[in-house]
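Chain lettering (A, B, C and D) follows the sequence in which the chains are written, and residue indices restart at 1 in each chain.
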Amino acid sequence: MSITKKQIVQWLQAIASVIEQNKDYLTELDAAIGDADHGINLHRGFQKVLTQLPKVEDKDIGSILKTVSMTLISNVGGASGPLYGTFFLRVSTEATGKEELTDTELAHLLQAGVTGVVQRGKANLGDKTMLDALSPAVDAFAEAITQGSTIVEALSKSVQAAEIGMKETIALVAKKGRASYLGERSAGHQDPGATSSYLIVQALWETLN
Amino acid sequence: MSITKKQIVQWLQAIASVIEQNKDYLTELDAAIGDADHGINLHRGFQKVLTQLPKVEDKDIGSILKTVSMTLISNVGGASGPLYGTFFLRVSTEATGKEELTDTELAHLLQAGVTGVVQRGKANLGDKTMLDALSPAVDAFAEAITQGSTIVEALSKSVQAAEIGMKETIALVAKKGRASYLGERSAGHQDPGATSSYLIVQALWETLN
Amino acid sequence: MKKLINHPDDFVRESLEGMAVAHSDLIKVHFEPNFIYRTDVPVPNKVALISGGGSGHEPLHGGFVGMGMLDAACPGEIFTSPTPDQMLEAAKVVSSGAGILNIVKNYSGDVMNFELAAELALSEGMRVLNILIDDDVAVQDSLYTQGRRGVGTTVLAEKICGAAAERGYELKQLAHLCRQVNINGRSMGIALTSCTPPAKGSLMFELGEKEIEMGIGIHGEPGRKRMPLRSADEITEMLALSIIEDAAYTRTLREWDEEKEEWVEIEIIDLPFKKGDRVLAFVNSMGGTPLSELYIIYRKLAQICEQKGLQIVRSLIGPYITSLEMQGCSITLLKLNDELIKLWDAPVKTPALRWGI
Amino acid sequence: MKKLINHPDDFVRESLEGMAVAHSDLIKVHFEPNFIYRTDVPVPNKVALISGGGSGHEPLHGGFVGMGMLDAACPGEIFTSPTPDQMLEAAKVVSSGAGILNIVKNYSGDVMNFELAAELALSEGMRVLNILIDDDVAVQDSLYTQGRRGVGTTVLAEKICGAAAERGYELKQLAHLCRQVNINGRSMGIALTSCTPPAKGSLMFELGEKEIEMGIGIHGEPGRKRMPLRSADEITEMLALSIIEDAAYTRTLREWDEEKEEWVEIEIIDLPFKKGDRVLAFVNSMGGTPLSELYIIYRKLAQICEQKGLQIVRSLIGPYITSLEMQGCSITLLKLNDELIKLWDAPVKTPALRWGI
């Protein structure tokens, strides 16, 4: 099984639209424990991605995702800009020259993305960041693929893992990012970055489903 | 009939107390069409007068009122400070050396005070200022005295005239003072200075009654 | 009421005490009566400049005391004119013998208290002239009223006359210059929110969530008109056009006549702006509006001036004449000539305005 | 939402456009990517200083571009870190070849974007160092967290390093100096009200009529603790004592190692203030608090410093690092030595800070 370039483009479009729908929600989550811009930041970035896509959708997957990375880096700002930018940068590197990706390639490449986020942000699991949704989601996907699931089945596990991770951030005290300044007061609120990561994973599953 | 030095001092004390009671009321009136300080200004001034009185109450009426004038001028500020200061200055000049005042002397001296207010403030009757209460009050007093009324009777007329003048300011459009900047919007509100003038006249009547 | 204060009665004194320790290199503060003065007064042979008014407009006037601007400032209680004894005592301390110019904003209270102060100083043998600033175009008729208020132009007059005094202008010349600044300056302001005088403890007026007050003064008094909230560009246009399209404005102001030794009424006329005029554009925060928004106002103001053929050659942007924490702004345009430009550019060293030194 | 703005999306651009026309003698503004830079760059042989961060903190950083301070400032969206392309393009424009020092406030977003920017500039052959400012004592533990935020000390570091760059300090010396300023500066802030980011359109957080937020940052984020409103003296005491009694603070910060050509973690320790220290006292408005109240805070701060044996030798009072229209203030104390005093006093000519020239 494999995933085509066209599906990758559809995934990116799906992200843009789910972020648009959840812009205010993400911003409200950020207002509670951050600075009320997460939805606005990502929306600005993915809208820009939408305008860039037509220029690159004929190129290879690596080039497409490199453009996504650069667009996010130059347009999102904040903490999530360099983090999601780095995520897509690492993903793109592994996809250089490809017109489609096998399930195993996709798993590797998402894992490379997560590694990039960790290197850039220095967060650990449980620090109440996007990593708490993204990392289990990617792990669950890779594991399911290893065990022979289809991409769609694996993605469904992945979405479940992301959702659990996202919800678990509610109880956590933030150790990285702006929310960490709140200390104990950050507990009781869901992390906006974990939420957007969940939405991004979910968008992939919906695209392929 | 005449009015004694002691009664003058009692009047001043009565003013201080009635201004204290009406401090917030005067300030609210000023908030509507001015800058919300009239009650505060006069209260500050007359409290200071109270502390000065013991030092001068053995002197002649002119000296006592000169002290009141200087105390108001240096402590009230705003428009009402120099105006009431000038009022008492003119009154004091006419009372130099006196230990008591006849009814006719009192009438003259209050008229001199009003003239002082007009010269300092250049307001006309109907401009929606303290003059609209003060001037008819003093005129009514003088007229009643000329017609042979007792001081108390004359003062009762005076209080009535002040009250009418004060209430008439409600309908007026201000032409002097801060309220004039409001143009037509100043109509519908009672002038704070006219109100304090009414209270001052009323305090004299109550002192002698 | 939420403010960084202790007791409302101590507001002015404590604020002055803080100012005194903060700027001890530039100013000193005298208490009872209250006035702020340059450390190096009297400055030999220099006309001394004094201004004053209610507190709550900071940095006006105290923040403008220092080399190249005021010799002394007399702060009253919040929004309440200072009393004549303040101006008299300040005059005694700063007078070099070359005379005193009082710059007075045209509010009944300020005018009367400064007149009393001038009379007292004259009676003590000092030479004193009072010049009134009345630049607020929101006030339209002057014939039977108090006339226009003094607002933004006051700041510019203090700077320009301060520089001239430093350069040796004598008293009458300086009074003339100050009058020139006044008739060439026009202002108008707008409020998004009201403000809370500490002694009152509550808002001066209530404004709805979508309402603004157009044509306000600087004492939290309501303006000429209440209207629905608009965009920054629309607000700027209303303010700027009121100023630029203001017709010739005639009024009589009371000044001291040194020859006749009495107060005389003189007629003064502001001429309208015209194409080709060089102007100073001053966008002022009422206290609570941040700098970023002032720049949005300035942007549109510059466009309008260009359209109208006015050439902005100098600018000033920031909170200089305020109403406590009020949100809103005012615009002042001052027509400049070479002399005024030179004086504007001259060095100034005060707590709130400083350049060239 | 009541603001002097047009469309929220145009806020930053229009504000920058206004700034550009208002201060065309001092600065220029480049759009897409956005950065403000000195008109006279590159300044030959001088290390170029760049800073940046979210907008909404004006005059920080754009108001500090000019002779004796920053060469360029990169403004992000409101409260959102700028993006690396802004810093890269700014670097290209201001670089004289003597190297670039990026002064970065320690927020995850700022840190990561400036790291990316440095990597990009390095790959283009420029010499670049990033120095982090993390002076906010409201953040107590650093071991497992992001550590302290960069607040008031940033302003002081930009002024002092700007002067040093002007005097010819080379890149490593300047980085060392900047680190020194950082470890000698400590801040803490308090909010009386929240603020409204234009794109959000509503308040960041709700505060009761008698509540304050203690230990806030500069992005309208809630603070460490909500507590009942207190007097200015009590608030000053809480802020000042948190700063003065702060123990030695150890953290690791990531810096670029020019020899190893990689990011390295270095341990940095702030030592506590001690009797006899000379300090700069900086009382900052969060945007909506008027100057009069800052002086009341300063008054008490001066008393506390005196009691604690700290000698205030320089001061700065005003809105310099703000959170839109938020009411509240922050206090920064910076321990000075002769070198820092000399650099602080050196001439500076920027839109928001100017003296000596």
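Note that in this section a contact is a pair of C-beta atoms (placed from the backbone, for glycine too) under 8 Å apart; a residue touches a chain by one contact, two chains touch by 3 or more.
Not measured: the values here are computed from a predicted model.
Undergrad: Going by the touch criterion stated earlier, list every chain that contacts subunit A and also contacts subunit C.
TA: Joint contacts, listed by label: D.
Undergrad: From the C-alpha centre of subunit C to that of subunit D, how far is it in Å?
TA: Between these chains, centre-to-centre, one finds 32 Å.
Undergrad: Please report how many Å separate the Cα centroid of subunit B from that of subunit D, as a whole number.
TA: The answer is 56 Å.
Undergrad: For subunit B, what residues touch not just one other chain but two or more?
TA: Not one residue in subunit B touches at least two other chains.
Undergrad: Tell me, which residues of subunit D touch at least two other chains?
TA: Expected reply: no residues.
Undergrad: Connecting every touching chain pair, does the picture come out as line, ring, star, complete or other?
TA: line
Undergrad: Would you pull the subunit D residues touching subunit A in the complex into a rising list?
TA: 33, 54, 76-85, 107-109, 112-113, 115-116, 138-140, 144-146, 149, 197, 199-200, 204-205, 217, 219-222, 224
Undergrad: Can you name the residues of subunit C that touch subunit D in the complex?
TA: So the residues of subunit C in touch with subunit D come to 2-7, 11, 14-19, 21-23, 55-56, 58-59, 63, 192-193, 209-210, 212, 229, 231-233, 235, 287-300, 302, 312, 315, 317, 319, 322, 324-325, 327-329, 349, 352, 354-357.
Undergrad: Residue numbers of subunit B touching subunit C in their complex, please.
TA: 27, 31, 33-37, 40-41, 44, 73-83, 85, 120-121, 127, 174-178, 180-183, 185
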